[in-house]
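In structure tokens below, several structures.
Look for chain A in each of the two complexes below; its partner is chain B in the first and chain C in the second.
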Partner chain A sequence: MSFTTLNFLFFFAIVFWGYYLIPKRWQWIWLLVASFVFYAFSAWWALFYLAGTIALTYGGARWIDALEGKRKEAIKNCPKEEKSAVKKKFERKKRGVLAGVLVLLVGLLAFVKYTNFFLDIGFKLMGGEGESPALSLLVPIGLSFYLFQNIGYLIDVYRGQYEAEKNPFRFALAISYFPHLLQGPLDDYKAVSTALYASREFDDSLAVSGAKRAAWGFFKKLVIANQAASICNPIISAGGGYDGLSVITCMVLYAIELYADFSGYMDIAIGCSRMLGVPIAENFRSPYFSGSIAEFWRRWHITLGTWFKNYLFYPILRSKWCSSIRKGLKKHKYIANTLPNVIALCIVWVLIGLWHGANISYVLYGIYHGGFIVLETVFAPLYDKFHKKFPKVQKNVFFRMFRVVRTFALVTVGYYLFAPAAISLTKSLILSTFEWEWSEFVSFGYYNFRELLVVLFSTAVLVFVDAYGCREDRLPLSAWVAKQKAPVRYLLYIALIFSILLLMVYGGEAMFAYFKF
Partner chain B sequence: MERNEILEKLNEIFRDVFDDDSITVTEETTSSDIEDWDSLTHITLISEVEDEFDIKFAMKEVVGMKNVGEMVDIIEREA
Partner chain C sequence: MKRFFVKSVSILLCAFFLFYGMTALLLFGGPKAFAENYQQGYIYQYRALERAEGEKIVTVGGSNVSFNVNTDLMTSLTGIPAYNLGIHADMGYCYVFEDVEPFIGKGDKVIFPLWPFTKNDYGSTLIWITLEGQPDLIGNFISRHPVEALTSVGSFSLKKLYALTAGKFADGLKAKYGDETAWGYKASSFDPETGNMTYVREEPVSPYGVMLLNKFRFTPNNLSGWYVSYINGFIDRCRAKGAEVYLTYPTIMRESLAMTEEEIESYTSFAKEQFHAEFITDFLSVCYEYEDYFNIPTHLNSAGMDKYTAALANGLRNAMA
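The block that comes next holds the complex of A and B.
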């Protein structure tokens, strides 16, 4: 069920009222049932994937916990000289269980999402011509999101960050909770589960602020993203065929579309969840106001970045392999610190690319972004030297603006790979970019005049809101609005609601861009 | 080892890793107080601290440390 359908509005109205009307001890069960119903709307067979992966992870985590209990018991009762051997024995067993469940979970993801990708590569490598063989596999939506949620939980239990959840249904709720099920955010298990099991009184201030947040999300998705998509998607999927200026305009529109789409979805998810009294993680912080690619990824899809950092990047850097590089090159401090980072970044970014989909374009997209971050890491001492010599430059507003525009341009260039998700289209889009024909650009503007105007004005509002909120020392604009006098506030809210109703492009079951991942 | 002593040693390591002699860490210092303290330098920092005090942080400590004070707690316990 997509958030921007009438079905969802009815569904959420029932969930919301039911949640506060039923006895408090049933509240979490109500949410569990609602989440499974929500998922069943996408496809009933997908429930088997969801329930199966939850059962597997639940069992694995309980097993790891039981081994940990036995280890403590055994260590207490054994002679001192055998302690380390006992400890090692149980560590090995725990690692075995973790590895077994991870292989099954990742294997499932790999099988469902990547079988055809590797069949295709294998076929071409063996010199096959024409259509590659392909299996017709049904990919349940949101799979890579809730599998990551499962994997994160399992590793946390293995590391001893918290105990395994004993009640399987409570665990199932934390994973399947409908606001974060299909597209994230990838929540911290402990935080979200604690919030989900708490019983709640109706809180009107939370309900109102949640509804406002969701309305802002609807504006971003229905007005900005859908309107921008209606102009740029046909041209991107045709691989250009237009003059260069129109193609560049389209790529900029795509950058706006993707952000408004994905962050709009998050606003709706966070808003609805807040109406139920459950805080979930923020996923964006004014990403297009970043001064560098590394900063961009600290502000864009934040929870995916955190996931990769905690469960892949750090383990690689802490591996024996990286430690020995660091120790072996101790005399060359710069290389000793930089080389392991570069190795870990390369692995992580290829995988982040691949996570987006089984497609060589996505892999190259990961390498493109990873490449810039590697460069930033390698040249970090030079930047530092420069800024130490010219300390005023870093604080200069124009220099900051230059960096923001440069980063936005680099990110937009990356969308040449990401948007069409096919190398042949990327190639023809790049070729059309350099064929400028003024009269064609004018007629492109003429035919899309109304749509362009809507996107321009609504994006101006978005830019203003993001520019206001990009500084960490400042509260978001919504907090400022809430402090204004009633007439000002209501004028703004009414303007928001009317612009959604008047300007929205309703796409029916229109998918959100990140569903396919 | 006394907490003050640990903090003093940590201060040296921080100055060295972040290449900034103006840094003075307290128990309340967090990653947001030091501009260059990101996920990359975090692991470098952790490795330097491990070498200096001859300890090994568990992964849950590496990801879970909230401030320098918690780092001092672990060092006090392990070293």
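The block that comes next holds the complex of A and C.
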């Protein structure tokens, strides 16, 4: 079920009122049932994937926990000289269980999502011509999101960060909780589960603030993202055939569309969850105001970045392999510190690219962004020297603006790979970019004049809201609104709903861009 | 909780009241923004069907009906009054089928140039533009698809507000840099009495190379289970009323077909197996050369239109014989 459907509005109204009207001890069960119903709306068969992966992770985590208990017991009762051997034995067993479950989870993701990709590569490498063989596999919506939640939880239990959840249904709720099920955020298990299992009284301020946040999310998705999509999607899917200025405009619009789409989804998810009294993680922090690509990724899809950092980047850095590099290059301190970072970054960014989809374009997209981050890592000492020498430059408004515009331009160029998700289309879009024809651009302008006006107006509102909330010395705009007198507040709410109704492109079951990942 | 409920419902009601009130005003009152629009052709066709009495031929579809079927010629070749309903594929085939069905009666012949579409096929924005100032048709649409209608009507309000204000600026640019209304995309291209496209199109306006940019390929996969059952359902319902549905293929510029002869054979034989109605033309027999087309490879010029109409009339006569 997509958030931007009437079905969802009815569904959420029932869940919301039901949640506060039923006895408190049933609240978490109510949410669990609601989450499964929500997921069943996407496709009933997808429930098997969800339930299967939850059962597998739950079993694995409980097993690891049991082994940990046995280890403690065995160490307590064994002679001192055997303690190390016992510890190692149980550690091996735990690692075996972890590896086994991870292989199954990652294997499932790889099989469902990447089989055809690798079949295609294999077919072409073997000199095959024409259409590659392909399996017709059913890929459930949100699979990679909830698999990542499962994997994160399992690794945390293995690391002893918390005990495995004993109640399988409570665990199932933390994974399947509908606001974060399909597109994240990839929540921290401990934080979200604690909030989910608590009994709640209705809180008027949370409900109001959640409803505002959700309404803002609807505006972003239905108005900004969908209007921008109506202009740029035909050009992207045609892969050019338009003049350069139109293509550049289209790519900038795509950048706006993607941000409004994904962050709009997050706003709806966070808003709805807040109405239920459950805080979930923020996933965006005005990413297009970033001064560098690395900063961009600290502000864009934050929880995915954190996930990769916690469960891949740091483990690689801490691996024996990287340690041996550091030891081997002891004499060259800079290289010894930088090289393991670069290796870890390269692996992580190829995988982030691949995570987006089984497509070489996404891999290249990951490499593109990873490349800039590697460059930033490699040249970090130079930047530091420069800024120490010219400390005023960094604080200069124009320099800051230059960095923001440059980063936005680099991110937008990256969308040439990301948006069409096909190398042939990327190629023709790039070629079209350099063919400028003023009259064609004007005709593109007047054919899309109305949509452009709407996008321009609504993006201006978006930029204002983001810029306002960006300043650390200021409260977000929603807090400012909350302080206003009732008539002003109500007028603003009515204006927001009115604008959504007037300016939206309602696509029924129109998918959010990140559903496919 | 009660306070929150009352507050939120009141705010929603205020916003809805304001919005739908303004929309109703724009739909029924004020200066008409789309009276000269190409979509007006649909209203001419619909009203002509409404007035029709006795046995008739009705061709349904998208713009390939308006641009390609000359109802005057069809009437004179078959001796049966002919009508079109369809001016733009983006209005949605489902909508057109739903509109035509109440007018089908005993002895009628319905022709459909087989064009695949999906079950979400409702081009609400175009539908609303078409329905400006047509209370009965607005009522029909809302009663048939309340969700579709109420969630999409905002786009109409926006379009009308735009057309009456900033749209005039874009129209100025259009006039300066090229005007598509010169290609027949205007209300005056249609005969208001019959809805027949009378706009004279003498020769192709798009260069051959531009026409070739559009490629068409149909495969049995285009004829999904839902689509086949939808069309068959329509055929069966018409038959139950004593009418007959005939299928044909849309005309497509031959060089724009991205299909081998084997693929055409496989597609057409699959189509013949699937539907409960007879095909009155062969696939390739209605695919002509560049000279017969107008602006895109599925829109004929006036000479091409007469050729296609004659082919349909001939096919229909053979089928009826």
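The definition used in the following text is that the second predicted complex is superposed on the first by the 513 of 517 C-alpha atoms of A that agree within 3 Å, B and C clash if a C-alpha of one lies under 4 Å from a C-alpha of the other, contacts with A are read in each partner's own complex, and residues count from 1 in each chain.
Everything that follows uses one rule, which is that a contact is a pair of C-beta atoms (placed from the backbone, for glycine too) under 8 Å apart; a residue touches a chain by one contact, two chains touch by 3 or more.
Computed from a predicted model, the values in this text were never measured in an experiment.
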Based on the superposed arrangement, let me know which partner A:R159 touches: chain B (first), chain C (second), both, or neither? first
After superposition on the shared chain, which partner residues are touched by A:A191: those of chain B (first), chain C (second), both, or neither? neither
Name the contact category of A:S439: first (chain B only), second (chain C only), both, or neither. second
After the superposition on A, what does A:A211 contact: first (chain B), second (chain C), both or neither? second
When the two structures are overlaid on chain A, which partner does A:N310 contact: first (chain B), second (chain C), both, or neither? first
First (chain B), second (chain C), both or neither touched by A:V461: neither
If you count the residues of chain A that each partner touches, which comes out higher, chain B or chain C? C
Parts of chain A lying in touch with chain B, wherever the complex brings them together: 156, 159-161, 294, 298, 309-310, 313-315, 317-318, 323, 326, 337, 340-341, 377, 381, 384, 472
Interfacial residue positions of chain A with respect to chain C in the complex: 6, 20, 202, 204, 207-208, 211, 241, 439, 442-443, 445-446, 449-450, 453-454, 490, 493-494, 497-498, 501-506, 508-509
Could you pull out which chain C residues touch chain A in their complex? 1, 3-4, 7-8, 11-12, 14-16, 18-19, 120, 147-148, 151-152, 154-155, 157-159, 162, 166-167, 169-170, 173-174, 177-178, 213
Can you name the residues of chain B that touch chain A in the complex? 19, 32, 38-40, 43-44, 46-47, 58-60, 62-64
